[in-house]
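In what comes next, chain A is part of two complexes: it sits with chain B in the first one and with chain C in the second one.
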Partner chain A sequence: MLELYLLLGFMIVGAIIALEAKDMVSSVIAVGAVGLGTSIAFLILKAPDLAITQLTVEILMLIILIRATLRRDLPFSTSGRWLLNTVITVLFLGVFLAVAYFAIKDLPRFGSPIMRVAKIYIAEGLKSTGATNLVSSVILDFRAYDTLGEATVLFTAAIGVIAVMRRIGRKTEDEKVKADDE
Partner chain B sequence: MIYFLCMVLFAIGLYGVLRKRNLVKIILGLVIIEYATHLLFILIGYRMNGRAPILAEGEVIANIVDPLPQALVLTAIVISLGVTALVVSLAIRIYDRYRTFDITKIRRLRG
Partner chain C sequence: MSKGPKEAGMTLIVKTITRLTVGLILLYGIYIVTHGHLTPGGGFAGGVIIALSFIHLTLAFGKEVALKKLSKEGTSILDSLGALIFLAIAILGFTGGYFFLNFINKGVPFRLLSAGIIPLCNIAIALKVGAGLFAIFMGLVFLKILDKDKK
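Up next, the complex of A and B:
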């Protein structure tokens, strides 16, 4: 389990660098490193489907985020109540981590899941769906409505992106100035 | 212990969302929170010395890892991509309108 600890440490360092880096392209690339670390962690945790999906999604997400940050840089600025805000945030995070520490004591110990629901899926999976990959038998057969909902959410998000980003039917800057003058 | 490291990753993302003033940094904090959540689910479903949930001929299926969280997280990863794309497109539009990513300045320019 040492490699998992090392990988999580790498991801934490990457996340801190991503949030504290001065220019935005390097912070986006640091988040990409965190995502690829997640992909390797999925591979170690015996989830190959997730590792492949995470890799693809990570590369798409990097493209989207770099599109957002390209040639739009912002110098770091501090306001008056910087110290007070930071102290409040750190206090809140301390309380959060303390609650999390007591909450994860109630979880099943690492390495021994309960698997009350999954027992049926493992026993019936091959016989009733014909899929040797149990993950695909769960998402496409036992919980197909879940996947239908996922597709709905995804298409809604795509329609939202198209509606926000489209150029047709939107006033250009000159027209906007002219309309303000009138 | 490893769960707690995952929660530390979550807390770093939360710090980014709460404390950063740059809109892109806030989005990056959200992305980090998503990674931490996905990783926590998979960690809960892991079985020590387990096998991937793929059946093969003549295999003992006693020590298979939990396939249910894997299926749920597979759904969540794809949805998180859609959500991130939507948030980024809104951020690009805000930049076009106000010429800045600083959330305090955006508030000041309202109206």
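Up next, the complex of A and C:
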């Protein structure tokens, strides 16, 4: 359990560095370190499926973020209404904490009752789906609806990125629409 | 990075290493996908690894080489095909009763061809995720180049 706490401390430090770093590239690399910590935490908690997925998605996200932010300093808009922003942030944080205080009291305690539905999955999984990887049998057989929704989300995200980033409809310097190339 | 068409991409060392490793990365992604019902992994992780192999190619050789392997139209077609195959498998469950019914014979556990529809679903999701993430990456790279043209 100790290594998990050490890892959590490492991830918190990484997140603070990501917030406080002056340039974008250091910030992105600190975010990548936090993601690697998450992946190792999944591995310690004996979830290799999630660890593989987290690691690969983290690599992909790091590449995309570095390609998108390298040699481009995105200025933070700190001027202007900082008082209003701070007041609104503190207000919403207070509302969230107040609601969470009452809501979390009604939740069942952490880890109990342990595995109510999962017991059935573990007992019946191999017999009723034939898949030896139980995670696969859950996400593609018992809970396939969730996977369908997730696939739809990713499809919509890809369509959205392509629709926003394509060249059709963009205006060039002299405000002419270049329609001949995509 | 955009030094003209002749020296697009990175140095000779990176190109040589990429030429050796990119096939292995793609193969590992396919292994993760096809063994998703037997060992840890599955459609999503394998699809991301497949997309990463093409992104590796893009980073090392420039976008023309990667687009020759998998064009933009091909990406769109594969993305849509994956989604449609997944939905078709779900709807074909109605032949036996309900949505997402595992209608193929389960087979013997620990065999590659077992678990009914789960390997097929894994392959469909891998197509979807791989093509979709590659399309997102290419979209963001094109944005960067366009911004550079403006300056």
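Convention: the second predicted complex is superposed on the first by the 135 of 182 C-alpha atoms of A that agree within 3 Å, B and C clash if a C-alpha of one lies under 4 Å from a C-alpha of the other, contacts with A are read in each partner's own complex, and residues count from 1 in each chain.
Simple rule for what comes next: a contact is a pair of C-beta atoms (placed from the backbone, for glycine too) under 8 Å apart; a residue touches a chain by one contact, two chains touch by 3 or more.
Fair warning: this is a prediction, and the values are worked out from it, not measured in the lab.
Colleague: With the two structures laid over each other on chain A, which partner does A:17 touch: chain B (first), chain C (second), both, or neither?
Modeller: The answer is neither, since A:17 touches no partner chain.
Colleague: Looking at the overlay, does A:48 come into contact with chain B only (first), chain C only (second), both, or neither?
Modeller: It touches chain B and chain C both.
Colleague: For A:93 in the superposed arrangement: first (chain B), second (chain C), both or neither?
Modeller: first
Colleague: Kindly classify A:144 by the partners it touches after superposition: chain B alone (first), chain C alone (second), both, or neither?
Modeller: second
Colleague: Taking the superposition as given, does A:157 touch the first partner, chain B, the second, chain C, both, or neither?
Modeller: Touch partners of A:157: chain B and chain C.
Colleague: Which of the two partners, first being chain B and second being chain C, lies in contact with A:67: first, second, both, or neither?
Modeller: Both partners, chain B and chain C.
Colleague: See if chain A has more residues touched by chain B or by chain C, and give me that chain.
Modeller: Looking at chain B versus chain C, the one contacting more residues of chain A is B.
Colleague: Quick one: is A:33 in contact with chain B, with chain C, with both, or with neither? Answer first, second, both or neither.
Modeller: neither
Colleague: For A:133, decide between first (touching chain B), second (touching chain C), both and neither.
Modeller: The answer is both, since A:133 touches chain B and chain C.
Colleague: Report, in rising order, the residues of chain A that make contact with chain B in one complex and with chain C in the other.
Modeller: 48-49, 53, 57, 60, 64, 67-68, 72, 126, 132-133, 135, 139, 147, 154, 157-158, 161, 164-165
Colleague: Going by the contact rule set out above, which residues of chain B touch chain A in the complex?
Modeller: Per the touch definition, chain B meets chain A at residues 1-16, 18-22, 24-25, 27-29, 31-32, 35, 38-39, 42-48, 50-56, 61, 64-68, 70-75, 77-86, 88-93, 95, 100-102, 104.
Colleague: Which residues of chain A touch chain C once you look at their complex with the stated criterion?
Modeller: 48-49, 51-53, 56-57, 59-60, 63-64, 67-68, 72, 126, 128-133, 135-137, 139-141, 144-145, 147-148, 151-152, 154-155, 157-158, 161-162, 164-167, 170, 173, 182
Colleague: Going by the contact rule set out above, which residues of chain C touch chain A in the complex?
Modeller: For this pair, the touching residues of chain C are 32, 36-45, 48-49, 51-52, 55, 59, 72, 76, 79, 82-83, 86-87, 90, 99-100, 102, 106-107, 109-110, 114-118, 121-122, 125, 128-129, 131-133, 135-137, 139-144, 146-147, 150.
Colleague: Over in the complex, which chain A residues touch chain B? Could you list them?
Modeller: Chain A reaches chain B through residues 1, 4-5, 8-9, 11-12, 15-16, 18-19, 24, 27-28, 31, 34-35, 38, 41-42, 45-50, 53-54, 57, 60-61, 64-65, 67-69, 72, 74, 77, 79, 85-86, 89-90, 92-93, 96-97, 100-101, 104, 107-108, 110-113, 115, 117-118, 121-122, 125-126, 132-135, 138-139, 143, 146-147, 150, 153-154, 156-158, 160-161, 164-165.
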